[in-house]
Amino acid sequence: MARKKKEIRTDIGWSDADHITVFGRDFPNEILGHLNLGDMGFLELTGRFPTPAESRMFNAMVVTLVEHGITPSAIVARLTYLGAPESLQGAVAAGLNGLGTVFVGSIEAVARMLYEAMPVADPQADVAALARQVVKSFAESKRIVPGIGHPVHKPADPRAARLQQLAAENGFDGPYLRLAEAIADEAGRSLGKVLPMNATGAIGALCCTMGFDWKICRGLGVMARAVGLVGHILEESRRPMGEEIWHHIDEIATAHMRPGAGEEKQ
Amino acid sequence: MARKKKEIRTDIGWSDADHITVFGRDFPNEILGHLNLGDMGFLELTGRFPTPAESRMFNAMVVTLVEHGITPSAIVARLTYLGAPESLQGAVAAGLNGLGTVFVGSIEAVARMLYEAMPVADPQADVAALARQVVKSFAESKRIVPGIGHPVHKPADPRAARLQQLAAENGFDGPYLRLAEAIADEAGRSLGKVLPMNATGAIGALCCTMGFDWKICRGLGVMARAVGLVGHILEESRRPMGEEIWHHIDEIATAHMRPGAGEEKQ
Amino acid sequence: MARKKKEIRTDIGWSDADHITVFGRDFPNEILGHLNLGDMGFLELTGRFPTPAESRMFNAMVVTLVEHGITPSAIVARLTYLGAPESLQGAVAAGLNGLGTVFVGSIEAVARMLYEAMPVADPQADVAALARQVVKSFAESKRIVPGIGHPVHKPADPRAARLQQLAAENGFDGPYLRLAEAIADEAGRSLGKVLPMNATGAIGALCCTMGFDWKICRGLGVMARAVGLVGHILEESRRPMGEEIWHHIDEIATAHMRPGAGEEKQ
Amino acid sequence: MARKKKEIRTDIGWSDADHITVFGRDFPNEILGHLNLGDMGFLELTGRFPTPAESRMFNAMVVTLVEHGITPSAIVARLTYLGAPESLQGAVAAGLNGLGTVFVGSIEAVARMLYEAMPVADPQADVAALARQVVKSFAESKRIVPGIGHPVHKPADPRAARLQQLAAENGFDGPYLRLAEAIADEAGRSLGKVLPMNATGAIGALCCTMGFDWKICRGLGVMARAVGLVGHILEESRRPMGEEIWHHIDEIATAHMRPGAGEEKQ
């Protein structure tokens, strides 16, 4: 009859009057001044400090996702700030809500695809053969292969090439990155297009190389974009565009219903 | 009759098929691999790269705000993930919504207070005299002086001492930090309590030293906490506490209304 | 080379100096004072005014979803208000973020399941046969049949029975509701349990009866819960529980890490 | 040393296997089928059922706030849905985040202003004299009088006139509505403009007439807009404008930075 109770437990950290302990470390003295913000993200995801190579690679991965100019999330943050300038956190929160399956969520889709094809990184794997299986399976179930091509960056996403270069320099150009590239090649070939691995494709592969759960991979984008949206709100506070976006879009979207619309528009 | 149009303009960045330009830089080649995530935040707030000292100081400021164990924002993110595990970004967004005037917003209140007392950093300022004016003004208008004392960390917030140390090492222990300390001293004296400058007090003073608009200062907390909340959601996905929090709190909160409550409880 | 432009167009409404037109109606004079809030929701979903029977049924459907005491969404709204009391809208927004696939999203899963089994309401349909196919298909793909059983309300969800009664009184007890009941019967039989149709099951079936897109069905829950969460924030502003929830959960969740935890707890 | 515990208690409702009690009522049998969605909102705010006149008036107040075409909140919801179509609740949540001090929050500012001027509704009050004091006080502290004028609806907001008519028909045209009108007259006179009471002005006054806490008054807007935003997302799912808004705004906002911009634009 009585409810079966479950445990309420965290291992992330605790504090009392004079201690703050985070992942087993003395937070003020062992972490502050020692880790940069990206390293702190790595600690959150792994429970340990990054090596210097991991620090360089992980920071590059998240920095990639901070800023891409006037994105939907930036417009959302700015329009939210227009109505609630007292609530910067609400504007950022609103902007983050759109980082779903269509945009940043593709990192997670890539990581899942790669883990399903190669559960453990195998340096001997025949990535071309695995890629053929993956592309075939996606085609059969009419799913779109994630992490390849880009609506704007054609033929190639310049961020992906740079991430590959950094991966090579830091020792992360292992089986998952090679598999992701092979999948992009195979998908392009099967569709008769040039569809190189894009930035989220590279980041998804690097997440696998670092051993992150695929479920958490869009978290890199969420961490990162929060940083970028604060920058957009700062610019909005100095040079606002929100109000003009509103009226401009309203005029376009409702023009066909306004008096006299029929004559002018036909 | 016609609406007066305003400008829609950003200076943050633009991209085309093969370029991504952010704050005037070639994003893939000049930023990726060169800036860490905190540096990227500094770039968003200032439009320029940090110096090495600024990089160390700014990263320490934001890392301070990433993690503090089971905070309200962490509980919120976990309970949101319980209902919508497909939407990690929504769980982080929900958690960020609470970073308002009571918690992280105090950074902004500190920065505003310091800028009003000393609009430009003045190495010759009599900070004790300024502090007396500030504390008197807050007392007269029955406002609470922000950035001092802490409900848990007594007598002193260990993060504040560490930030002061890092400020001294990196050359940020200037007039604003001295003024913030003087205000804490004066407020404690006038109330007959020990109320040292806390972490948000130190960060607010450092924001002024770096010249950030006070309106954007809670943005440091928003950037930072997004990183920490991803870590909480990862732990929640592996060792969930959300469902038990729900039932446990429901039982406590409704016990007085349930049948037989009167007899047992009296 | 040039981007192919798409249309930006709404048919919901427009306004100018002295008109506000919504779904083709003079909003102040034809809608205000004529429609209640639920009717307005019906208008948003269908573009037309409800009949008296539709008004009674739709209002009952959404009212069902307004309030269920201390839910995760209510705790989330309260904890968010604790940190940002200046931003009631942010607290409600945070609470709504959790209405995903696990809770209110089940309405959408029910509607989708019913539409796939019976694309058009067919009074002659053999609902028992369709139910057997549905339950078999869910079992084969190891998916859980949505809209049946309840963790608290056993054996039966009292809201479902009441919604069935109202459906009968207002003429909505057609093929979709019969199919949903048949699926609950069949699923219970195949699992050897009593798993009656629950409230979201009934509402999902009624959404199909009203012809709503399955993609929008969780929208009824979102509309409704926004109303309830405002009530929770009002109570929180008068009798706060957020701060105590925070400290209470923190103490439980971190007890095992605190000094001396080993001795006491073993 | 030990933390002083506070109470965790709700009086909104509780449930067990076969009961759901809300505000002391049997929820399935006394509320479902008896209250419409607006009435349920009234119950959340007052703890009691509305009278027929209160039901008509309160429903009109909230319906007023459901829909106003392409607002910033509607654009935000649509752009969020573009990135996360799997998360309707996140799109609505994002849209609600903008209902702050600038837009819907003005209801709360009106209610606060009226309560401060006349703490208890006084049928004998000299509303013209009170209005002069209010307008003088706002002018002296350089604050803008809320609830008057409208950027689009000139000279008068047609919703306000209709709400006044409904208030008269239902017996809510008491001292607070008269005071709000007097303040609008006085503010217009002192500024040499025509600034009639707008919709949020009327709703704020009606909130006072109904005795709502001013802190909760923007909650009416939040409840209501959640209903409208579901309608916008439905239209977005059928006739999307989000992607075109993104690219269109990006092109305008970044045109000055693109190669060749100098020549064309000078």
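As written, the chain order gives the labels A, B, C and D, with residue 1 at the start of each chain.
Everything below uses one rule, namely that contacts are C-beta pairs under 8 Å (C-beta built on N, C-alpha and C of every residue); 3 or more make two chains touch, one makes a residue touch a chain.
The structure presented is a predicted model; accordingly, all values stated were derived computationally and were not measured.
The chains that touch subunit C as well as subunit D are A, B.
Ranking every chain by how far its Cα centroid lies from the centroid of subunit B, the top place goes to C.
Inter-chain centre distance (subunit B to subunit C, centres taken as mean C-alpha positions): 35 Å. Averaging C-alpha coordinates per chain places the centre of subunit A 23 Å away from that of subunit B. Taking each chain's centre as the mean of its C-alpha atoms, subunit A lies 29 Å from subunit C. Chain contacts: subunit A has residues 8-11, 13-14, 16, 69-70, 84-87, 89-90, 93-94, 97-100, 104-105, 241, 245, 249-250, 253-254 touching two or more partner chains.
Across the interface of their complex, subunit C is touched by residues 8-11, 13-14, 16, 21, 84, 86-87, 89-90, 93-94, 97, 249-250, 252-254, 256-258 of subunit A. By the touch criterion stated above, subunit D contacts subunit C in their complex at residues 3, 5-20, 22, 27-29, 31-33, 35-41, 43-45, 55-56, 59-60, 62-64, 66-70, 87-90, 92-94, 96-100, 104-105, 152-154, 156, 158-159, 161-163, 165-166, 213, 215-216, 218-224, 226-228, 230-235, 237, 239-241, 243-245, 247-248, 251. Contact residues of subunit A toward subunit D in the complex are 69-73, 75-76, 79-87, 90-91, 93-95, 97-105, 241-242, 245-246, 249-250, 253-254.
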